[in-house]
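Reading through the structure tokens given below for one structure.
Per-chain residue numbering starts at 1, and chain names A, B, C, D and E are given in the order in which the chains are listed.
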Amino acid sequence: MVADLIESVAKIVFIFSINLGFFAPILGWVERKQSAVMQDRIGANRANIGKFTIIGLFHPIADAVKVLTKEDFVPAGANKFFHTLAPFICLVPAIATFSVIPFGGQYELFGHHVNLVIADLDVGILFVFALTSLATFGVVLAGWSSRSNWSLLGGLRASAQMLSYEVAMGLAIIGIIMVFGTLKLSEIGAMQENFLHWGIFIQPLGFILFFTCAVAENKRVPFDVPEAESELVAGYFTEYSGLKFVMFWMSEFLEIVTISGILTTLFLGAWHIPFVTDAMLLSFFQFAGPNGATILAMLVNIATFFAKVIFFIWLQMTIRWTLPRFRYDQVMRLCWKMILPLSLINISITGLVLLLWIK
Amino acid sequence: MDASVTLQRLTERFGDSILETHSYRGDDTAVVKKEDIVALCTFLRDDGKLLYNFMMDLTAVDYLGREPRFEVVYHLYSLRYNRRVRIKAGVPESDCSIDSIVPVWIAADWFEREVFDLYGIAFNGHPDLRRLLLYEGFEGHPLRKDYPVKKRQPLIGPIN
Amino acid sequence: MSEIAKDLHTEHMVINMGPSHPVTHGTVKFLVTLDGETIEDLKVEIGYLHRGFEKMCESGTWYQVFPYTDRLNYVSPLINNVGYALAVEKLIGIDVPERCKYVRVIACELSRIADHMTNVAAGGLELGAFTAFLYFVEARELVWDLIEMLCGARVTTNYVRIGGLKNDLPDGFKQKTLEVFKRCRVLWSDVNKLLTKNRVFIDRVRDVGTMPAEEAIAYGFTGPCLRACGVPYDVRKANPYLVYDRMDFEVPIGETGDNFDKYLVRMEEINQSMRIVEQALEQLPGGPINVDMPYYRWQSKDDIYNRIDSLIFHFKTVIEGIKPPPGEVYLAVESGNGELGFYLVSDGSGKPYKCRVRPPCFPLTAAMPRMMKGRLIADIVPTFDMINMIGGECDR
Amino acid sequence: MGSIKGRLGALRRSGQELLDSGEAERLLGGSVLFTKVESVVNWARKYSFFLYPFVTACCGMEFMSVAGPKYDLDRFGAALPRFSPRQADLLMVVGTISHKQAPVLVKVYNQMTEPKWVFAFGVCAVSGGFYDNYATVQGIDTLIPVDVYVPGCPPRPEMVIDGLMKLQEKVAQERWSDWPRGAAPVTDEAKLTEC
Amino acid sequence: MTQFDGKGSQVTVGVPAGRLKPKRVRRNLDLTLWEKLYVFEIIRGMYVTTKHFALNMLGFVLPPRGKKRSVFTVYYPDEKVVLPPAYRGRPVLVMRPDGTERCVACGLCETACPGHAISIVGAERENGERYPLSYVLDMTRCVYCGFCEEVCPKEAIVMSSEYQGLAETDRSRMRYSKEQLLRSEESVKGRIEYIRRIYSKCNY
């Protein structure tokens, strides 16, 4: 009983320290630095303590501390409770979704069964969709409660976009579910041990559609119509300042990490190294004794999982700085007229193949 | 010289209303009475031989101390014949208004509003004659010669 | 549907895209009446950067107008300088030496390249393509290095003088230009790859802000926006001034006059301008760059230092200003946004009696409501960028 | 016991007026903690300005190249433009401010959230430059309190970076009693003729 | 064919728009199926940006010869840009070797300055030499146009290539008096050569 407690506390602490402690501040720095070097310039590198600037890693800390001491502004006549509540509703789902994502397989450690996922729900994917739809409330509430034309427009656009892309995301994922037959993310991860069974080879179209919908759900550049700088000043978070404004940013970065996690689990063979099965891994680490081997295997698996997550983060950042922005009606047209029919076709083809092949 | 074809046709058609024509430095210029400016412009735009379809510029000059104090100057350009002409209409200070040529060229809309704003010459028949460059609370017309350069009318007062 | 709409009693939302808004570059106010996202009615208000150009010209001598012409279309300052100098020379009736004409053509074309690059970059920036914006800002930085070598300043050049130029081409200019153009062409192709065939960009700018040719002429369009409608009118071809008739370059035109055509015409004109500069550098003759007429051009320092009559004459022309014969003249040059006309009236005194500038982007801004009727609010962004309204030139 | 109550009683008076009078330091004995926290916050504010580019005229071209690749303003942590005054702390007034634009500038300044600084970019913002006429405001310090003046028409990017470093030095020495500054002390509808 | 009497500046009548042979830019740009699908064009765009990213990152490790790094940025406070001789920086007064200024308070720069930034009070020394008692240059009005340098008959005021230390935190300190403007002859020697070369007789 105590072992289970330790195990779950260890996992929770590990995931939240990685997520909130490491990824959230670092992604702010990564976005600035990567976009800078991509645009032939340098990016932040002047903040120094003593004479160390360590390529600008102090700048996210400077941003954080400055934002904490910023005046917390609530527009006149706006409902203070809703205005303050909105960023939290946006942030919580982005963090909570990571609890369902398996970052490693199942191991026997000191006679105790360890399953490297915080909550191994058997309705994993459903839980993910439930939480992402929660984030829509936060955005709409922010747009409405700021009592300004710009944020109202931003809120309306956000609600329409996020709702329609959830539908498209759901349909795009059904192909994977049909192939793997389960909603449990850890099982899907386990099934992708063999390199050719990776989701991306089984469902290439599904992967592209899901990736597009995920980027749209997170309102990243080609789809950042709700907070389009040039049209709506700053979209739904025009009236937010200080910590509440940064919470919207934080939720965006965390959602990038979460999306990368889901994509890795479903399409890129979660924690498996290509062509290396678990058994081979354990045998490779035989010299360190049974427990030592499992620990080393566990670390290797976790490392590969986070390597793939970082690859997807880099991919989303590159897209962010390459493409211009869609217009609002084009975002809608793309969803209903292109992604939805394509995902329906994808489902029917997968069904046909499954029927002929498996039978 | 084909350049003065415009002036010849103009003097034939509107002999009486054209006060004077010259070609200083090669720019054909015709000084006309301000009453029939619209008829003249329509002729210049629609006549087969002239076809001045571009209204390039419309401005005014304030000759302080001369009888028709203001002079509204139109610069036209014909795309087909690659020719330019300048029409000048004297406007006395007493009756400081002239007919608007927005019905002939829609481009004249903002040019006329600007001349009204900076010189105070009213354009009869203009769709919406308001100040263009300056703000509503500004009294006077700054580009007139008798308006001092530094006479400021700020909307918001200074601190010190 | 209409009877349902009757009792929905929704009213239009009026939004004030005020002067300090990312898309309006700080000098224009759009009063937009919105029905949902579509624009019912758009009122444009300008004048936020009216700095009294004409009043300041009338209070200074003919020479002191040059720094003010830098700040008209501050994206391509040299074209304004050359335009004003040509107008005054036409008023006086003097002609500049051959070498000066070639150097003026080189300066104009460098400024035009910087203008088109800035405009396309700002267009990309407002649509979200921040990387394409910075590639062209980098390319413009290189072109500005050339202009700084030539004139001494990056933006406010103040380089041309009546009857000549301030200084000749610096040595090593030709070699540096070819180097810079090589890098500019690489960056040009990068932006071309990023934007021209990119479906996201094409969706945003295609069939937006279209203008049929006759209406464009009626509205007084000139320059890239008119050429985008298919009318090949370019002052450098229609009334070639300086040595443009000896330059071999093409005038690009579009078909429907929408933003995509304007973008393509500007991208093509960058290439054409580079060709012109290279040809001008090839055919550059020797000889002086100033006209030797003390009445209209300040004399050389050798004379002023050593001869007392030149010194006295120098004092007279600087304090009272040069005195062109009384009369009036209109001269048009092809600037970045279209036909930039100078209408000068001289009463024989040292100060210009009237110095009127025909701003090419003024009628384009006037046509914004016509282009935006019934479109979406997000369409204001590319349309307003592609007509390249410059505050200094539009409000003077 | 009494002295602690006395000290707490003193602190209960409005923090703001206490800070101004410097009595807090005397009371708390100028503990190192008090100045340390302030220098950390100033260090953080110094290296992360969120910029509100109030761009109007020719200096805007130079502003583009300062934020551009060659002279990268982002190196100082100051190139992230936030177009909503609520999220910005450095109001960079770039270019000429005409009388028609003056009310807009004052409104944007008042809308900005509290630790805010103003950076006059270019001679026209500093003093109206060579547009001494009916249309131009003769220097924005007649409208809003300005922190750093950068001359130049337009100033070279290096001069802008000098100005920013001078502003950073100024921010590093600021005390908490300097904030909040409050709205711009400007009288409405003032009709001044010859000034 | 010139339009008017020979001496005037040559504005000829060229080819009217109708008969001009233009270059059509739009013809072959209709979207092929390749472009209708967003994905391939996005990949091409990402190839361009990643190429820049890779080249710049490589530039840190092994910089191209002659430069410290391949990125375009100049680290301003530590590295400075080499300015061309033509660059117009801060106007400065030139000092004779014996410490007095070359300026004879003739007031030409004061009249030629469009921004009225210069205000001079002239005076005479006992041996009849004129010199400026006070020479105030208001840096908040100077627009760096270079007219003062161009009209000065004595080469007393030149546009040095200095541009540092001009930013101030209060405006009253930006009205430079004579002491702040004086520079020794050696420091502005390059600029004086440059002036003599560009305004010399050969250019007329």
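The rule is short, and it goes like this: a residue touches a chain if its C-beta (ideal position, glycine included) is under 8 Å from a C-beta of that chain, and two chains touch if they have at least 3 such contacts.
This one's a predicted model, so the numbers in the text were calculated from it and none came from an experiment.
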item	value
Any chain that touches chain B and chain A	C, D, E
Most contacted chain pair (by C-beta pair count)	C-E
Closest chain to the centre of mass proxy, which here is the mean CA position	C
Furthest chain, CA centroid comparison against chain E	A
Reference chain C; chain at largest CA-centroid distance	A
Approximate Å spacing (C-alpha centroids) for the pair chain A, chain D	37
Euclidean distance of C-alpha centroids - chain B vs chain E, Å	38
Whole-Å gap between the CA centroids of chain B and chain D	46
Whole-Å separation of chain centres (CA-atom averages), chain B against chain C	24
Sequence positions of chain B contacting 2 or more other chains	25, 79, 82, 134-135, 142, 149
Set of chain A residues in contact with two or more other chains	38-42, 229, 233, 321-323
In chain C, residues with contacts to at least two other chains	21-22, 47, 50, 52, 55-56, 67-68, 90, 93, 131, 134, 138, 141, 156, 194, 198, 200, 231, 233, 238-239
Complete list of chain pairs which touch one another	A-C, A-D, A-E, B-C, B-D, B-E, C-D, C-E, D-E
Chain A partner contacts - residues on chain D that touch it in the complex	40-41, 43-48, 68-70, 72, 74-77, 80-84, 86-87, 89, 113-115, 180
Footprint of chain B on chain C - complex, ascending	46-47, 50, 52, 54-56, 59, 90-91, 93, 217-220, 222, 231, 233, 238-239, 327-330, 332, 339, 341, 343, 345, 353-354, 356, 358, 362-363, 365-366, 395-396
Residues on chain C engaged by chain A in the complex (per definition of touch)	13, 15, 21-23, 37, 124-132, 134-135, 138, 194-195, 198, 200-201, 203-204, 376-381
Footprint of chain C on chain D - complex, ascending	54-58, 60-62, 64-65, 68-70, 81, 83, 95-96, 98, 100-101, 104-105, 108, 130-131, 133-136, 153-154, 156
Partner chain E, residues of chain D touching it in the complex	69-72, 75, 123, 126-127, 129-130, 132, 139, 141, 146-153, 155-159, 161-163, 165-166, 170
